[in-house]
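One structure follows; several queries about it will come next.
Naming follows writing order (A, B and C), and every chain is counted from residue 1.
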Amino acid sequence: MRYLPKSEAERGQMLAACGLASAEDLFAHLPPATRLRRPLALDPGKSEYEVVDYFRARAAENLTGCPCFLGAGAYFHYRPVLVDTVVSRGEFLTSYTPYQAEISQGTLTAIFEFQTMLCQLTGMDAANASMYDGSTAVPEAAMMAARITGRRGVVAARTLHPEYRAVLETYARNRVLAVQVCGYCPGSGRLDLEDLERKVTDGTAAVIVQSPNFFGIIEDLRAAADLAHRQGALLVWVFTEAVALGLLAPPADADIVAGELQSFAIAPSFGGPYAGVLAAKERYMRQLPGRLVGETKDARGHRAYCLTLAAREQHIRREKATSNICTNQALVALMATVFMTVYGKQGLRELAEQNLAKAHYLAEKLPLRFTGPFFNEFVAEARNRPPEALNAALLARKLIGGLPLGRFYPELAGSMLLCATETSPREAMDAVAEEFSRE
Amino acid sequence: MSERIRKARTHVSQNEPLLFELSSPGKKAYQLPPLDVPAVDPAAALGPRNIRAGIEGFPEVSEVEGMRHFSRLASWNYAIDLGMYPLGSCTMKYNPRINEKVAALEGLTLAHPYLPEALAQGALEILARLEAALAEITGTDAVTLQPAAGAHGELTGILLVRAYLEARGDPRKKILIPDSAHGTNPATAAMAGYTVENLRSNERGMLDVENLARVVNEEVAALMLTNPNTLGVFEENICRIADILHARGALLYLDGANTNALLGVTRPGDTGVDVMHLNLHKTFSTPHGGGGPGSGPVAVKQHLEPFLPVPRLKHTDTGWAFDYDRPQSIGRVRAFYGNFGVLVRALAYILACGSEGLRQATLDAVLNANYLRQGLMPYYEMPHQAPSMHECVFSDARQTARGVHTMDIAKRLLDYGFHPYTVSFPLIVPGAMMIEPTESESKHELDLFIDALISIAREAEEDPERVLKAPHATRTARVDEVTAARKPVLRWRPASP
Amino acid sequence: MSTYPANYWYTREHEWVRVEGEIGTVGITFHAQKELGDIVYVEMVKVGSQAEMGKRIGEVESVKAVSDIFSPVSGEVLEVNAALTDAPEILNQDPHGAGWLARIRMSAPEELGRLMSAADYEAYLGEET
């Protein structure tokens, strides 16, 4: 087998060196009851060409390569060529976690730059080296707030991505956190601040608000932060569309930020792998779970980087760890780092402005469900036929429509969530508008 | 001494500042196509208060500088492509490039997770095929591919245990964990709301079964076992361990990190394991990428199947579909369906290896570890004499007499051109040196490794300072981790005026 | 080799207490700081909290380990050593003196009877190794 670098002769020499007659002798000490007595029921090994054929066939069975107006937590953006060039280098692709700092300065330096750029984007003082994704960053942020405040209550916006809320609920059940959901105003599509005020108490550890929210609408985070802080709770700001940060002011009053970086050159890839952000104000730095890279010097006095504050982590604190997390999404975070490098200060702004323009061009032609200000996603009402029928008509024109909302919000069953980005062609948007207005 | 170092030589490498230090206003590496729709005034659309002034300190560099920057950084890294990583329980095997090629197919990378199922049959078929393959490999009945990493899979697995016991009316209170376990195990148990009781290993390095029988009662939800354990030793009593637990209504969880020792030889599901996780970035060759992404599927026996995370895959007459009607499910452990890009790579590996290739990988992995053990035993202390599977653990006991510890030996290995083994783990072996070569290493590379460690053992005797002050030849000398922790600097800031 | 001050009392968890009137000054022993390695961070409970003998009053963190600190005596925490915030290394350099952790107004001085003398502690260390 081509991945195994030994000849039969070499195996023989090595067995002899160990005083063994055959490979079977290596397993002689296993109790017979534990042994598998037949080959695994898998196909014989395939050649490279057969492997490619298999996956090419699978790839052809997915509809891709046509304009798609889906967003809802995974976004279509251009991926600069430099991204794949960098991450496919063996020294990045096939290297291990940088525990041995002396021979991992490439990875460590890139992560330090990543941490820095995330702080610059989010207005926080410390960011970790990434979480699995946005959806798992949210419960980690909630647990962090619980540790900091010593409280158990969490109030989460109903306009938080429904699958993120579902993950929060799974984690909370077992950490004995009590999650309440705060409703939204049916007119604006924004968080219902009166409902929030009723629900936040002196038992609340965290108020969790996504902005732009699941409907694409920008929340009043200052008001939400006020309500939280008045009761001694922390504000956790969540984002799923990182491109928005090129334009939107990060909330100065957020305590913890949990977000998703998929928009930064991480392909939608049927849902993963992505990279989550977890960042916080200086005073909460030691409560951040996950890996952290810090700056220091080496024995010759040169600047160097290393993993730090590891004593919070599972491999040392074990059951008292801040979290059980071991991996960070290093390679995926590196894609985001290269993306941020390519676009830079001006580029992120221009990219965000293009997204704004595209989405507003389309939205102007459609009946909007909510009045609140939005970035590149919005909810439109399918007034003439159900959203599923609308999508079928779009499919016939080789377009993929938005997400019918009935599956997550029964009260919005007649609406769909659409996203337009810098990749959305004008003709495609015109076609969508046509189908919406057609009986 | 330097003529003993055969695998490496020093070499001029490029310096490179941080992006922020290269940055200069107006430099750019991007160009967007012109807008084909009218521009929109951000302040008018979003409200002036919501618009940021700019991104303070964010870099501006050209494409050339960007390319050089990351290329230079890359040149400072060691990687599997360059040589062996003998890290215990990490299974740093070759990352086949065919995996990368197929994972990059646009029909896979551009598939949106909310594509209607009829338009995503290729993706769903891949998930189904991988689930089936992993169930066959582990001897279990159902697999979830949702967890994003090993620790995530562990949490999912323990939540399944809890849900199963709760459905029987009693979630119980504690989880038993061997003292040799990886730190994620107790951290996971705590996250799932259980208290942890540590169990000692016996003098052969295996779980003390008599002690287990005494300790298991109706308060115990499960035992989290690693097999082979972190000493590289097969838990010979695993069937009996499972029986003891099951007799008291408790479950057996297997940490599958060491599955590379088992492929085609034994299957955890056949030895009484109820639930286990796998690390695709270990056993199944997906690349470590400098620390992630990984994937931690969880495999279960039938009695735990109803509790698996939602959605599950089901086959209908129109093809594959997601089944959300799962009233007993523990819920979601993440958005969407799993680290799909990693799953593709793992399936590509399984297809390329086939049943025989997987089995041969295990045979070679175990042979390699035993070959190293044989070569190193005269020079390093081996605290446990039980047969080694895919990894072996030595201690620095003979070298500490000269003041040389496992971390020093590890750092000296860097000068010899190797990444070190796992230092100071498992905790039950003081001064541990945990070595796992994997099947990807040739006899040539293994001989160089043995040579290097023998040479270092000699240096510890004759010239300990050389070892204590290592590394000498690396671009970066020993890094001051103490100052990094005392005065954490986690981001770059511009120099104050 | 370090000498353990004869007028201190010691716990099996490697803490010490020095008694002056009703005030007990507590810290960790030379042995403890040596086991932990270079100390990077110290966190103690708030001034004004009630310490309880054998219960956690803080934690000490090194690069490779974190250790809970258990109070040798019960009583109100009057003061914690602020110098350790910026210079945790003092704990390594002078664990029995400048590296003190907290001052407690002892509520139950009879508790001292359950602690070890310097001689007993040194014997205990001999057994442990």
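Just a few scattered comments:
Here, contacts are C-beta pairs under 8 Å (C-beta built on N, C-alpha and C of every residue); 3 or more make two chains touch, one makes a residue touch a chain.
Predicted model, so just to flag it, every value in this text is computed and none were measured.
Seen from the C-alpha centroid of chain B, the farthest chain centroid is that of C.
Comparing chain pairs A-B and B-C, the larger number of C-beta contacts belongs to A-B.
Averaging the CA coordinates per chain and comparing them to the mean over all protein CA atoms picks out B as nearest. Averaged C-alpha coordinates put the centre of chain A at 44 Å from the centre of chain C.
Averaged C-alpha coordinates put the centre of chain A at 19 Å from the centre of chain B.
Inter-chain spacing, taken between the CA centroids of chain B and chain C, is 38 Å.
Shared interface positions of chain B, defined as residues touching 2 or more other chains, are 481, 485. Multi-chain contact residues of chain C (touching two or more other chains): 40-41, 61-64. Among the residues of chain A, those touching two or more other chains are numbered 310-311, 316-317, 320.
Residue ranges on chain B touching chain C, taken from their complex, read 424, 481-482, 485-486.
Of all the residues in chain C, the ones that touch chain B in their complex are 38, 40-41, 61-64, 88-89.
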